[in-house]
Structures are given as C-alpha cells and as structure tokens.
Amino acid sequence: MKNIAIIGASGYTGAELIRLIATHPGMRIAALAANSKAGQKMSAVFPFLRHLDLPELVTWEQIDFSAIDLCFCALPHKTSQEVISQLPKTLKIVDLSADFRLRDAAAYKTWYGNDHAALEMQEEAVYGLTEFYRDQIASARLVAGTGCNAATGQFTLRPLISAGVIGLDDIILDMKCAVSGAGRSLKENLLHAELSEGYNAYSVGGTHRHLGEFDQEFSLLAGREVRIQFTPHLLPVNRGILSTGYVSGDARTIHATLEKAYADEPFVQVLPFGQTPSTHDVRGSNFVHIGVTGDRIEGRAIVVTVLDNLCKGSSGQAVQNANLMLGLPETEGLMLAPLFP
Amino acid sequence: MKNIAIIGASGYTGAELIRLIATHPGMRIAALAANSKAGQKMSAVFPFLRHLDLPELVTWEQIDFSAIDLCFCALPHKTSQEVISQLPKTLKIVDLSADFRLRDAAAYKTWYGNDHAALEMQEEAVYGLTEFYRDQIASARLVAGTGCNAATGQFTLRPLISAGVIGLDDIILDMKCAVSGAGRSLKENLLHAELSEGYNAYSVGGTHRHLGEFDQEFSLLAGREVRIQFTPHLLPVNRGILSTGYVSGDARTIHATLEKAYADEPFVQVLPFGQTPSTHDVRGSNFVHIGVTGDRIEGRAIVVTVLDNLCKGSSGQAVQNANLMLGLPETEGLMLAPLFP
Amino acid sequence: MKNIAIIGASGYTGAELIRLIATHPGMRIAALAANSKAGQKMSAVFPFLRHLDLPELVTWEQIDFSAIDLCFCALPHKTSQEVISQLPKTLKIVDLSADFRLRDAAAYKTWYGNDHAALEMQEEAVYGLTEFYRDQIASARLVAGTGCNAATGQFTLRPLISAGVIGLDDIILDMKCAVSGAGRSLKENLLHAELSEGYNAYSVGGTHRHLGEFDQEFSLLAGREVRIQFTPHLLPVNRGILSTGYVSGDARTIHATLEKAYADEPFVQVLPFGQTPSTHDVRGSNFVHIGVTGDRIEGRAIVVTVLDNLCKGSSGQAVQNANLMLGLPETEGLMLAPLFP
Amino acid sequence: MKNIAIIGASGYTGAELIRLIATHPGMRIAALAANSKAGQKMSAVFPFLRHLDLPELVTWEQIDFSAIDLCFCALPHKTSQEVISQLPKTLKIVDLSADFRLRDAAAYKTWYGNDHAALEMQEEAVYGLTEFYRDQIASARLVAGTGCNAATGQFTLRPLISAGVIGLDDIILDMKCAVSGAGRSLKENLLHAELSEGYNAYSVGGTHRHLGEFDQEFSLLAGREVRIQFTPHLLPVNRGILSTGYVSGDARTIHATLEKAYADEPFVQVLPFGQTPSTHDVRGSNFVHIGVTGDRIEGRAIVVTVLDNLCKGSSGQAVQNANLMLGLPETEGLMLAPLFP
C-alpha cells in the first residue's frame, strides 16, 4: 500500500484524485494539503467525500514527506513550480499544472508570460501522456500532466502524424470543453446563470495555452514545425471534452492507423468506421473514445475524440502515471465504468 | 466469483447494475437479457459500457439458469411478475420492479390496477430495504427492491416512527425527483426541450404509487394506520432524489434518534444538526445523506434526505441485497465515491 | 413617452427592466447608472442588449433627475436605502430591494441585521404586490417591490387567508427557486459546476428573510399573528419559482376562492381543479399560474403556484407598478408571451 | 390587422409563431390547424400559451381560407408539399419545412429521398433568407423558409463569397445546435437523461440535408460549384446555434466585408474585430451576432455566428418574410429583446 500526498486538495482535480484513490487497492491517502483551507475537514470543502476517513487539510509545509511514496501537485500553474522546487529532491511527483509541460523555456515564457522559477526541474520532467511516454514515465521522478485539451487533441493526431497519413498544414481541431476545466474559480462567466442554456467560443485564433503543447509535441513527432488551428468552446456541462478534428488524408487509412495504434491500449477505444463518440459515454471514467468518418469531399476526414477532462484529461491520467512510477499495474483503480445517465 | 444474470438489461436500472458489477470483485455477468433487443451488443444499446467484455443480449427464455447464482429482474412492473413466475423456483432473484413490494393483494390492485399474476410468490418476497430487513434478505430467495421515492422517505421516517418521536398524523414529504426515475421511455414530458430549465409537481394529492409502500411500512411500524402526504416533483437533473420532510416533534431528539439508528450503517450519513444535504454529494453512489433542522415554530422539524435514485434507490440497493443473499460482504463493490462535479 | 432611469443597471433585475422597457410603448430609458461600471457600455456588461441604443452607464450622482419621470432602483438592500434617501424627494421611485418592504423598523432589524437608514421613507413606502395594493401604488411616490419568494407565496395564500377558508396554524410553503434569484454574485455555490445536476434546501427552519414579509402581510390580513413554515430550495435552472403549498381546508372551496379572487386579473391564471402548473409555462413572462388539488387525506389541499422570479417576481412587477404610478395602462409592455421551450 | 392561419400548430415552430404573433401589432391569429390534435385547445397542447385567447385546433381542411391573409405551414417536410398543393392557389404562404428550399428537383430527391409532389410550386417558391432575397420575398406568393443551420452558415459566408474575399475550396463550418431543432419528436437521443450533461456530433461527413441548401446557394453566388465541409453537433441546450467557420482569407478584410454587408440590417450585428458572440445573447430573439477573429496562422480566419434556431432560424424569419409579403414594416413584432439569463 503506497502512501500518497496531495497538494492542492481543495480544487476539482484534487477532489477527483481523492475520488479515484478512494477505491484504489494499492494507494492510501496519507496527507492532504490546501494552504488556504488548512485546518478544515475535506467533508466541509467537498461534502461528497464525507464517507471517507481522510486526513485533515494542512499546509504543504506541514507534510512529513519522508513517509510519502508519491505526491500529486494539483496547484495552479506558477504556484506549482514554486512549491515543487522546495519539495525533497527525491520525492516522486506527478504535477497536474502546466508548469513542466513545455521543454523549452522560451516557449514557456511565450505562453505563460513569466520566467520559469525551476528551470533545472523542467529539464528533468517527463511529459505525462501515458500512452506515448510510458517507459520514460515509469522511470521518472517528476511527471508533468498534460493539458486536458492537449491530451484530447493528441489522442486524435499523434498516431496520424507519426504514420504520415495526414497533411500537416491544414489541421483543425474544433474543441468543445466542459466548465470544470476552468476549475473552482469565481468568475462571472462560470456562473450557472451565465453558462447554462448557451455556449460560446473562447481563446479564438490560436491564443489558447494548450497550443504550446500541440506545437511542441507535433513538431517533435513530424520532425518539422507543425502549427495547427485550435478553437475551444465553453459548453454548459460539467465534464467532457469533444474534439472535432478536420484533416486531409484517406479516411479508411486514418481509421486503420488509429485502430492499430490503440489496439492494445486498455483505455482507448476506436469505434467502428463511421461511428461517432459522445462525451456521455466517458463521463467519470479514464476512457477515450475515437470515431473516424470520411467526408463527402474526397481526401478529407473527420476524427472525433472524447474524454472526461477531469479524469482521463487530468486526475485519471495522473493516477495512471503514478501507477507506473510506483510499479503498480497501470490500470489499477482506473477501470471504473462511466456514469450514465 | 458468483454468476449473475440480468433480465431487462436495456433500461437504466439494468445498465446501472452492469456499471456496478463491472468493478465488483465477487460477481461476474454471465447472461444479459432484453427481449426487445435480443441479438444486439450492449455497446450498441449503451455505448458507455463499450470497454466491458459483456455477453450479447438474449431473450430471458434463452438463459441457462442452472449456471446462474443470482438473477436481477429489471423489467417493468406487471411484466416482471409474469416472467418471474416462470423462472426456476430455486433461483435467487432480486426484483427491481414494483411487483412484489406490497404484501397485500388488495393493496397491490388498488395501486397498480390489475390482479397479481403470482400471488404465491408475493407472499414469499422480502421487502428489500436492506438497512431494515437485513436478516430476512440474507435468507430470502426473492427480494423485492423498493421504490426509489419509497426508499428515500423511509430513510427519513422509519427510525422516527419506531422511536415514537414524531406525530403520525401530520407528516408531509415534499419530494424532488430526477428524470431517470421515469426510465428510458419515450414520453413528451421527458424530452430535454420540455424538461430542462423548468420543473413541476406530479401525482399530486396522494396518487403516486409509492404511497402503497409508505402506507404498508409505516403502519406496520407504528402498529396503527399511518397515512402521510407525499408530493413528488419532476426536476431537470438525471440523478438524485431530495425529500424534504415536515414533521412535528423535537428537532434535537429527532436528530439524535436518526444518528443512533444509523450509527453503524456504512451507507447512511447523518449530518451534524442544522446542516442540509445536497443531491450533488451522492450522485453515482450508494450513500444516503440526512440532515435535520429545527423550525422557528416550536415543535416542528425539517428532515432532508438525499440519495441517488438509480443507485441507492434501485440498482445499488439491489446489489447490496444480492451481496447478502450470496453470502458476500454487504458493502462489496458498492463503496464507489460519488461523482462531483 | 415617460423618461425612465435605472440605478443598479448591471445586475440581473436591472437588465430585466431594460429587456421589458425595450418594447414598452410608453417608456424610454433616459439614464442608466451602475457606479462600479460607470463609463462602460451596456453592450459590454450585457451583450444580449447589444441591439438597443442605450445611454452609457454613469454613476447615479451624475443623473439629472429633473428630466426623469420615474426611477427604478435595482440595488442591493442597505445600499438602496442609502441611495434613495439622497434622491429628490419628489421623484417617483420603484425600489426592487428589500429595504422598504417591512413597515416595522424592529422587524426590519430582526431580519436584516442593521438599523434602517431612512426610517421616514419606510413609512411612506407602499408594498408593491400590485394585485393587492393597486390603489395605494397608483398614488404612491415610493413603491417597495416584494421579494420574489414572498410574491409567490402571497399569490397562493392571500385570498385564502382573507376568505378564512384555510387553517392558519399549519401552513407550509415548500419552495423551489431558480438561481438567478441570487443575482450576479460570485459565490461558489452559484457556479455551474457546483449547481447543475443537483439541488439542495437552504435557509431551512424559518431563517429566510422573506419570512418577514409573510409574517407582516399574513398577520395583517388575518387580524392575528400568522407564522408559516417556509423552506426554499436552490434548483439548477435560471428562472422560475415553484411553491408547493400545504394547507388544511376544503380543496374545492380553496379552488373556488382563488378562481374568484383572480377572475379579473390579467396576469394570474388559476388552472382547472386538479391540474398543476409548471415553471416552464411562465418563463420570461409576467404571468402567475396556480393549481389546486385535493389530497387523499380529507381536509388537506395542495396549492402549487409558479412565476418567473426575475419578471413577475421582480422587474415585471416593478414595471407593472410603474405603469400605475405613471398613469399608463397596467399591462402595457408586459403581455409578452413566455419563452418555451 | 392581417388574419393569419397556422397549419402545424402543435410543434415547436408552430408554437413559436404564436408566441411572436401574440404581441405583433399587425397580425391576429384567425385559425390554427394540427390534424392529429384537432378539437384540442392550445392551452392543453402548449400550456405556456394559456393567457392567449386562441382559436381551437382544427384540421387544415376545416379552415376557411377566404378569410385568411397569410398562412404559415409548420408541417414536417413531405407532408408540407402534399398539403400546400391542395391549398388555394392565391393564398400567401410561408412554408417552414424543407420542401421548397431546393430549386432543383434532382437535388431535392438526392437529399430527401423522394420525388417531389408539387414540382410546379417548387419553381414558384422564393428562398426565404430575408436579408438576401428581400425583394423577391416581398412580391412572392410562396416563400420557403430556410433550414436553421443553413441560415446560420449563410449569414457567415454569403457576403464573403459574393465579395470574393475567401477561398472557396477549404471552407469548414463546425456547427453546434440546440435540441429544439429536432422538434417535439419522441426519440431516445432527445430525452433529457440521454442528452443533458453531454454532447456528440451527428450527420458527420457531409450527410446533413442542409448541405443541399449550402451547395445551391453558395454555388449560385460564386458562379461555380462550391462544396463546404459541415459538421453539426447536438448540444444540451434548448435554443441556439453557434457556427464556427474556418476560412482562408485576410481576417480584417473579412470583418470589414461583413460589417459593410450588414451595416443597415436591423437584425444582424457584427461585433468589433476580435470579439466572439454567444448563443446566450440571442436566445428568444430574431437577432444574429457575428464575430471575426484572425488566426495565428497567416491567412486564416475564424468567423463565429450565432442565432436562435427556433426564432431567427425558423419562425422569426417566417414572420419577417410575412411582414414583407403583407406590406407591413419588416421588423414589426420582431424587436423583442433576447431573454437572459
């Protein structure tokens, strides 16, 4: 039984980690930190966890890390690098923030606006998209969880770019994102009265920070610079990302390429050709569903990918990575069925 | 590992049973029946179950029950009694329909309008509210799952009636119910466009069938006839029942009575006095949360109870009962944390 | 054409006033104030008003009231009395806050916690439930809009108390309220991710401030002290209040009493006996629907009342009152049909 | 005052017509037909219309068309052409179905699968996108309302194709559609429990029938064959379409072109460059909001367009056309502000 600490336990990704670990046979929660709510019980911060016997919230400085096997950091970006740089250098860490995703310091500054406070650790960090960095993650000390949109788009495109079966200069990802991706933050546009019964695009025109991840990863894969178009939309649902990918290439080849790439992946399901997935079918789970359809226009295909942003897009991915880092079976604790309806 | 059959697998309670059994360490699904969809795959009927290796849907007549340890019947009422009367007489059965809840044949006819087709089995059936019929359920062959509203109201009132701490002639349960309670049926008022962004009462004035259960159980407990007022409301959410109970009695005594009654119950949480529960905090789980508050009017109290209608109110309760009937630990497979947000 | 000013134009009730006045043939918006957003355009604060040619937001101190025929104050309570006490003493005002609803200064302090800053104006104010204070409102200078819950409950109960057809000591109003009633305020429990797909009671036990209005009005009508039980619930919809009233009395007499009381009211519809209303059917409108059903328990009845909290419960009522104060037809600008679906 | 008949009054577009005409100063409803519900009152079919004094539902054969100035047909496609072919040949008709949108009989058969039953009337029909066919509509006898998706996409693209400022071979419209567009039909995927809290694409790959309209209109404008990619998505909201258009061209030029094209249009608002619209801001109204943003990739632009599918996308457009056909001001009865929140 591995002892787990969570720093940043009062946000949605922190709570989702607890939800998953609650029924994980190989992990137990040994410490929970949330500096702004230290001293409170988790049942006050998240009453849905009331049935669990959880440690009281403390500040992260109060945690005795010598007894911890692995620590999840679910802090906002920038705060995360500051805290992680002060943690023991031997502690295994899965960071859910954006702080260690970009290998290039200049790219980090471009997308996040500040100089990085822990450059040497940035080099050490492994990019946490489990299905594609499995071996490095298993031997890593610090793993950087991906952006939830970035994960979704990469499940669509990585095998296609690697196999060279799509054009690289006209890729579009039109993405629809659930509101929990914005966290438990008090912003007017996240209020129920402002959000429910409507929707809108945001960060239009190539300004969303997850593009930094797309640029880094796709260019690396292609061996040349790749720049895609990516438009996120805010939808009145709590969980679920759906990415509609428009690519050039042969649809059947694209489908076969994805089927082959994910044939042995326990969490990734490629649907029969011509079927399209729904976010309803992955809610609350670590699964990814992918559907491929050909367009009436010759040489064009549509690839639709769905996942749960809080689970597979964030905390589920984090547990999957932690399993590898701790020598546990990769799927342990993560085979929970989606919740429907 | 116990072999499980589910008859009526194409409805919401059937799907919820599969969701729960998917991660249940002591059960495996051996047969799935849905006569109207026999020959189909579950992944076509419920794509959210796509990751599971499930048997194809058959008719219930096609199931070899000699290999089955326990059978869940998730059929509509009336159909259920007809099917169950034809099943092997030694087969352990948990019925989720209304067919075996009422012990009195006349009461059954009053509320359901037809003569009962399996009267002798009705006598054999044990009422499936686990926390109050635990011993009988453990030794039963046929258990009748309760109505979801009926379960909610009984968690509020049973200990209070037993302890004699509330008046019996002015009990009101104002209940708010999620739409999945109505099943996967094609009715105009269940359409998204008709239901979302609004709500209404229904079966007003004491006409809802779950009153048959309230009448039977509360009168039995009190040793006299008890008739409560009960008004259900249809709400634009998919899961969750909230019952606001208005009773006369001392609020502190009421709270203490409930705390004591549920002190050792793994699934029932009584909140600190004065706190009120939310359906958000039990969604997708087998938990019940109960809150008690005193009114400004002396001698009046409000008891609010929440649970997930599909899980604790139906399929979760059914699995809990099946655990007992099969000699498994009562909580096995049921400690899943709620899904929030 | 009457010149209208709105103070507090950046909240939901302010925006709703503008929505209604936009197609009102007898009113034009001459000034809009919102001190925290002075200098901004309304299309930036509420893009749904983009098509209107509206004055820029100013501070209320900048308004030239000599050119204003009537001023709506849509400020938070407490702020409202401070501002109104500084406005010209001859200005016609409809206040939408809670500040002038309670005639008794002690009652005000009990429910709102502070001493009243404009006691002399409190005496002058007329309670703004149009259907019951029509004549006083027509000749008033200052009208105090009612609470939205308070309005809903009074539509249910006033005629019944006046006619003496219900018991006064066992009245319960179980109320279900839309989130817009809480305003455009940044609170965690109003976030989409916290609110959608679930619900809860709040202010349980007789602590909601609108009870001050119920106590005042019902006691006045009955000629004795009347104290009801009232439990509000927060629902995941944006507009609409549904009050389920439990009363003792003869259901048919109750229905006949309500039918007679509202026979000539343009905005209040009493449904045929036994039918129940839905908030869907009044959304965005100034209408009230009321349904009466008898309970299976002799001598008990259920009265369900619905209205749109932002319109009839607040800004629509305010315009209705303003029509009377300005000598315009009472229904002018208010016959907009509800929006469904 | 013009006498109006509505055939197909029991569906959502029929009800929306009544909602709009209820406050239209130049129209009165003289007859309502819905053959499957003949003999019923509208208040039974749509209780939100309860406050209106409406004629009882009849069959369309029972209507005396000699007293009717204009008839709206809100029937399903195919049924519509059969009924319209039997109506008086001098009757002014606005058809809301798909039956008279496609000028080419072969194209009609390709997209709708059947031979057209009223070919001669198809030739007579004018395509009802008011802003672009104003003059023909004013003098037409039969106007064919556009598809709601087709309207949305044309507001984005028509001025750009006409002006030649975008490439014609790489246009993509990713569209997000509210559920009311599917009508009041009993389909499993339209149930609240199936739809809320999730979303999916449908008719992927160029199979949606509204492509017939796009092909016809864009090819006509461009003077060559134009084939776009169009993917609709079903969203858990009741009203509102958002189209995200991906085009090649200079973003500033595109914005200027749209601004100029719509400068005098009362219902079309082009937002300042770089702003993006929301469906929240047009709900319940006849307005269209359009936003243009440049992409980080040189020569690519994103044009986002929103409208209310039931109003501007269907019944509002129909009333706008009827105004022209009856010699009334085009905006009469249609300047209702959107409903927010």
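Assorted remarks:
Note that the chains are named A, B, C and D in the order they appear, and that numbering of residues resets to 1 at the start of each chain.
In this section, contacts are C-beta pairs under 8 Å (C-beta built on N, C-alpha and C of every residue); 3 or more make two chains touch, one makes a residue touch a chain.
Small disclaimer: the values here were computed from a predicted structure and weren't measured.
When chain centres are defined as mean Cα coordinates, D lies farthest from chain B.
The greater number of contacting C-beta pairs, out of the two interfaces A-D and B-D, is seen for A-D. In terms of their C-alpha centroids, the spacing between chain A and chain D amounts to 39 Å. Chain B and chain D have Cα centroids separated by 45 Å. Shown for chain A are the residues that touch two or more other chains, namely 12, 180, 193-194, 196-197, 236-239, 277-278, 280-281, 283, 341. By the touch criterion given at the top, residues 12, 179-180, 184, 186-188, 190-197, 236-238 of chain A touch chain C in their complex. Of all residues in chain B, those touching chain C in their complex are 170, 172, 174, 176, 193-194, 196-202, 204-207, 211, 227, 229, 231, 233, 235-240, 242, 244, 246, 274, 276-281, 283, 291, 293-297, 300, 302, 304, 306, 341. In the complex of the two chains, the chain B residues touching chain A come out as 12, 15, 18-19, 22-23, 46-52, 180, 196-197, 238-239, 267, 269, 277-278, 280-285, 287, 289, 310, 335-341.
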